[in-house]
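This is the structure I have questions about; it appears just below.
Chain lettering (A, B, C, D, E and F) follows the sequence in which the chains are written, and residue indices restart at 1 in each chain.
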């Protein structure tokens, strides 16, 4: 079994805000990330597919195909958008890096035609990133 | 003469839009960068100061001081902000990388206490950056 | 379950030397890393916390909090220090990347207030890094 | 148990081509990667060795030794070569990133004198990489 | 005046060889870079355009346009090619980084519709790069 | 005229201290950089040579030769050393990034056999770097 990773980048705005909390509580918890008009990042996404090597192609998955799947399902929806306002599958979701990562996993899961979705990693800045492997909490 | 560079990063949103143009013209020129709610970047800023080495300190400029000047005049104003809405010195300015870079130069110019401001570079993504050296057009 | 990573950097000196060996043996094993006055690195540290997303915050752990825990327990102790001379919890430990990594794990373990410490990675140069996940040897 | 990683780089040419397929089929599957004279990459290799810390050295494996093992068995064979023509252990193998990674694993496996080979990662570009851990397919 | 940089990447093979020298002389001068079937790199190209900010757009040059000019004139010709065999404008040119850089300058010069071509930089590896600004030798 | 850059890395310790000042003054000016036993960095050096392309080789300077010149005159002297104690040409010099950069320029100047030394850049961390072009102060 091999793990094949494809990287993609999108530039988006977000505002951290829990709609079920008061303005003061949101300010308290999210601080400068709660700025009303939002702020933004160049998000770097890594999608990892695990599987066997196809003996005809020598690929786990054709990266041209994987690139298209990521482009169609994720990048075209998130790039140059405000994640709180412009993205149907993020509606009502507080766009923390954690929640964006799970939302991307859910968008991609079931759409990988060769191998199996293994991991989604999202770098918000050079200092912070999140990984999700579709696991339930094991602790 | 030596050139000393200090790097800093800020995460901000912006929307490219010329207020003197119609909605259709803005859409035509700025395309996805004209998205109503904006999008965002991790902007990487490099500030270059040129000067002689101070024989007492061995520095052109103390980088702790340069870091504070950048923090106070630029980062604290732009980080976790929407550049079209939240920044007094960007009011009425279309926040292209070029215009942000000149605005940062203007904020810093005259505030460098040792050496002389030589260059401001702003990376918007890993593929795009702008440099300004305070020069008038020489062509 | 998600994995959240926070990066931090510290600049430190070290000298590889086993106090139980002779000068010749240390020279033989550690070669230029045994230089008497030491040498140094910009160490890049990555701390990974695993856990569920808190439904109120959308975080596994608030990165402002994680940053403070790393700053207080690790960075403030190691940054701009000589690891053989200046760090109480490294006393008597030969400061290889492996031993520093385990020492950092031990400093952080039990101090993470949300989620669970999953991994500590330490990059000594762009060519070398070490990871520890708190595992006993399984081979 | 710790995981120690050593990075190395080689610059090589390759052409993706399955000798059992027709010219048209190869063109169809591999597209521009099937260019007759090939194209090339700066391949970045990461070799991960897992093991206990040796109490005498403080190392899992002496990186000078690991560097030599990688140099002798991999880099000296692949660097500044055309992978389809110049490399004995790649003869008859379609040099996809997946197949090169498994070939490098097979070259290194059994030659690591301390600890155990845990993972081989190969970055073909900044957007694509492959990892192999010697696992059979588990799905 | 501002300097705007656009980055692009191409993966190509080359063989350093001067057709006017003997096989032995080429082997002597170019060593492993003279390997008969060639070797390859992920070349990183940076194109710098200098000019004034257009007051309507806030751009020196629209980067979508600059990207297209680079794509059409350079990347589509060099990416996934062998520079000695597959590129019309490199015919008869020994493809050192220096010569490729000048050839790219010549391809782009006169095709930049806003501002003026200022510099072409070409990174062959992470350790080597070349810059050309269209200057005659001034020494 | 072209500009050719070669990168090299060395890991070293240093302590910022002006021997003509008191202990208190040094502590005041250099703060944590004045730590008695020093601290360290992975210094990244870039050496830029300017010149014409040699029509026989297609090179400004053979990078194998430039690499050797840098290795012999700089890296072998500074790598895995304490700059205050172990380096003859740094004796009595306060090893700020500025002073190290000028010392490296002086070591290399006159030793470049093809083209001309144009610039020396030294990155102390990812946030700080210094460049020297052999210029007298022009302000």
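FYI, a contact is a pair of C-beta atoms (placed from the backbone, for glycine too) under 8 Å apart; a residue touches a chain by one contact, two chains touch by 3 or more.
Not measured: the values here are computed from a predicted model.
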Original post:
If you take the chains that touch subunit D and keep only those that also touch subunit F, what is left?
Top reply: C, E
Subject >> Smallest number of contact steps required from subunit B to reach subunit F >> reply: 1
Subject >> Shared interface numbering between subunit F and subunit C [over half = same, under half = different] >> reply: same
**OP:** Would you mind checking which chain's C-alpha centre is most distant from the centre of subunit D?
**Re:** B
Subject >> Listed pair (C-F, B-F or A-B) duplicating the E-F contact set, over half by residue number >> reply: B-F
**OP:** Starting from the mean Cα coordinates of subunit A and subunit F, work out the distance between those two points in Å.
**Re:** 42
**OP:** Provide the C-alpha centroid distance between subunit A and subunit E, rounded to the nearest whole angstrom.
**Re:** 35
Subject >> subunit C-subunit D separation of Cα centroids, rounded to whole Å >> reply: 28
Original post:
Which residues does subunit B have that touch at least 2 chains other than itself?
Top reply: 126
**OP:** Let me know each pair of chains that touch one another.
**Re:** A-B, A-C, A-D, B-E, B-F, C-D, C-F, D-E, E-F
**OP:** Quick one: which bits of subunit E touch subunit F in the complex? Just the residue numbers, please.
**Re:** 16, 18, 21, 29-31, 93-99, 101-102, 126-133, 135-139
Original post:
Can you list the residues on subunit F that touch subunit C in the complex?
Top reply: 9, 11-14, 32-33, 35, 37-42, 79-82, 84-86, 125-126
**OP:** State the interface residues of subunit F toward subunit E in the complex, per the touch definition above.
**Re:** 1-8, 50-53, 56-60, 62-64, 116
